[in-house]
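These notes are about the structure you will find just below.
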């Protein structure tokens, strides 16, 4: 997608003389991907250094200041203040932390559980494969958000529990992916060669199967980061996710909605824009990564 | 026949079947008998060439001897002991004594591992050598197969076909094996690289007193490097014997057809082509009697019904064909 | 004098890659006469497949074909329009590949695919199409052609699939067939059958064949004329006797000496030193110079010109430059 949009835009890679067809060529040559990447980097930096950037760090963490409630954007409060007088810019910055931590954790847990189970199922085959895959199917049958909501209702709301709830719905996809990859890898000659040397099964899985199935899984993980953040946000939006006073964009949008009716448009808008930009950035970078790692699209775009 | 104690490998009555019924709910189908009543001898220090076309079972043979595939009957005697009855400890030792070199060298190298790790893996698995000792040994192994030590840090995708084959051989030699099974060691290689690898194989055999079983569809390669040859058709040995004798006097019609079909790089070569009828039958439904009778230009009545016996043509040269029955 | 139906002059094909310009074909010139079996032989990377594809103008982009001439009868292949090329492909020049699954669509029956070609080139129409297709299958010695007509590719063996490929190549009645490693994947006994078949077809239909292969045994057996390629250039060209028994070029000599067989039993094979350079390398002088055992000073500086030994034996090598010097054979 990114490539198509930028066909006629002058090519930065050519200007800089970067090696044609390499990863950096692709990234630098695609302005949209490049901008997205820079934006993502910015978001990460802003999230990391949030307490140092804003003077209202305490409010980011939840301290209120009712006197200042619902002030419009100004020099002191560039994004205005919310219904509890907290600086929205600070809340948005701390919300970025929440989003990134949640997103990364969900993907990490999902990848870890899913890949381990899937690779084992694919490699061993037989009834182990059947059992694991049926369990996976059961989890896949549930609409992710509903399952997360159910788990969240059962456990009391917290950041950790939200992550847990969503991870439960996330790992099946990786299990399937890993299993498919493992099935094709286990037939490869180098796996048989390892067995021929006398390497035992667990070592073969770790040393030979896992490293060779990681590429499609890591690409998928990158692509999923945006979706994971969106899911956490959605969960918080309906009130089952991250509880107050933790800053979360979804919660901010949800709670800030009604104030638009009374003309305080800034309350849900800025977190909304932040969410939008973040997800777009993840998606565009994900597209670019996919294009780089997929040999076919790479060839098409290297002219 | 050879003195049994001189045989490194002695395969007797080997039977290998593949079960093709699938899953819990599918009806069971009769097993595919891929190898049947197979007898093969490999004297120590010699090279046996196994030739045959697709479907003859040569790869299954190698995989069975290497115990990647179970056998349903018969014996595989390695140094006088039956491999099929090995316990875990004996299997572990067997894996050191015997190595299978797969077809297509590139695919038997883990693309994510450096050459040094690949060649060092057998050492890690079976020995207690520390890292320095391992690296030294890997370096020596690579040198023996004609690669300088700067190849240690390369990845398989940075190697040519010939170089990959050398790495595979270096790995195969790591534990000082006695027997190497080589499945199409030079098929994927160009003529000039093939020559290098064939020379290398000969050298390694001399230096390490190795016994080889080489599977190839290329008669010229087998003729060049083997001491003995076995010709396979549809899971059975139709002819085997010393190379000189078999190439001089191919007695089985299939052998004759095979030899005469092989293109010779000499335009003046007079070719008496024996043309076969039709194609290789499906191994799931092998022909009755002599398996070759459906394509044999000299098939007789008896060939449809009765399996031919093995007849001796010359010293240690045997052939299984009814045509030879008259003279005995 | 038999007419020349294909004339190639100074063909060059190159591909831009991240690692530099890949010159697959670096100035190949040859002529093919009607009814000839012309062999192009070489190791991997020598440019033989690309040469075959260039004649059909099927070089995948971003490859560029340049050269003085590719002439098929009266058609200027190098410069004609794509629509003219489409009229040529299949109808005048057909190609057979190594892998039948590349040409056979698994979703359609054999009959459907052959009929499509017959119809497209208007060889026949209506009911005659099916009959013609079945005749073709019979001509290629396929058992039960009527059944094969209704079969799918996966139901056939490799040898039968290759025969089907040949029948598809012949369906539009071309004059020239380019076979690119067409028998490499087949068992040797099946290959022998296919080669006999090709000979028969060639005689009966007056076909011209260009046989591209790495197998020196094959070219010795079936070709009337052989061109040996190295690094995108013809190093030696001639009839089989000249190539195999009056070998001149050091590379050809090296290749022949490296072949295992009844002459070499157990002895060390003579190896060409070094390895084939990458196709992105640009050479001054002869591309074989750095591996040649008979190298002389000129080899590193000047590209060798063609030397003609007889009516049809020429070599590109400095060792013989003091003998007759002339251009490519016409």
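Observations on the structure shown:
To keep things simple, chains are lettered A, B and C as they appear, and every chain counts its residues starting from 1.
Note that a contact is a pair of C-beta atoms (placed from the backbone, for glycine too) under 8 Å apart; a residue touches a chain by one contact, two chains touch by 3 or more.
Please read these numbers as outputs of a predicted model, since none were measured by experiment.
Considering the contact criterion stated above, the chains in touch with subunit A and with subunit C alike are B. Using mean Cα coordinates as chain centres, the one most removed from subunit C is A. Of the two chain pairs examined here, B-C and A-B, it is B-C that is joined by more C-beta pairs in contact.
Put simply, the C-alpha centre of subunit A and that of subunit B have 51 angstrom between them. Subunit B and subunit C have Cα centroids separated by 32 Å.
Against subunit B, in their complex, subunit C makes its touches with residues 43-44, 143, 157-160, 187-193, 196, 214-218, 220-221, 240-241, 244-245, 254-256, 258-262, 264-266, 268-272, 275-276.
Within the complex, the subunit B residues that touch subunit A are 66, 68, 91-92, 95-96, 99-100, 102-104, 107-113, 121-122, 125-126, 168, 171, 175.
Within the complex formed with subunit B, the residues of subunit A that make contact are 188-190, 192-199, 203, 207-208, 211-212. Remark: subunit B residues 53-54, 160, 162, 190-196, 198-199, 202, 217, 219-221, 223-225, 243, 247, 257-258, 260-269, 271, 273, 275-276, 278-280 touch subunit C in the complex.
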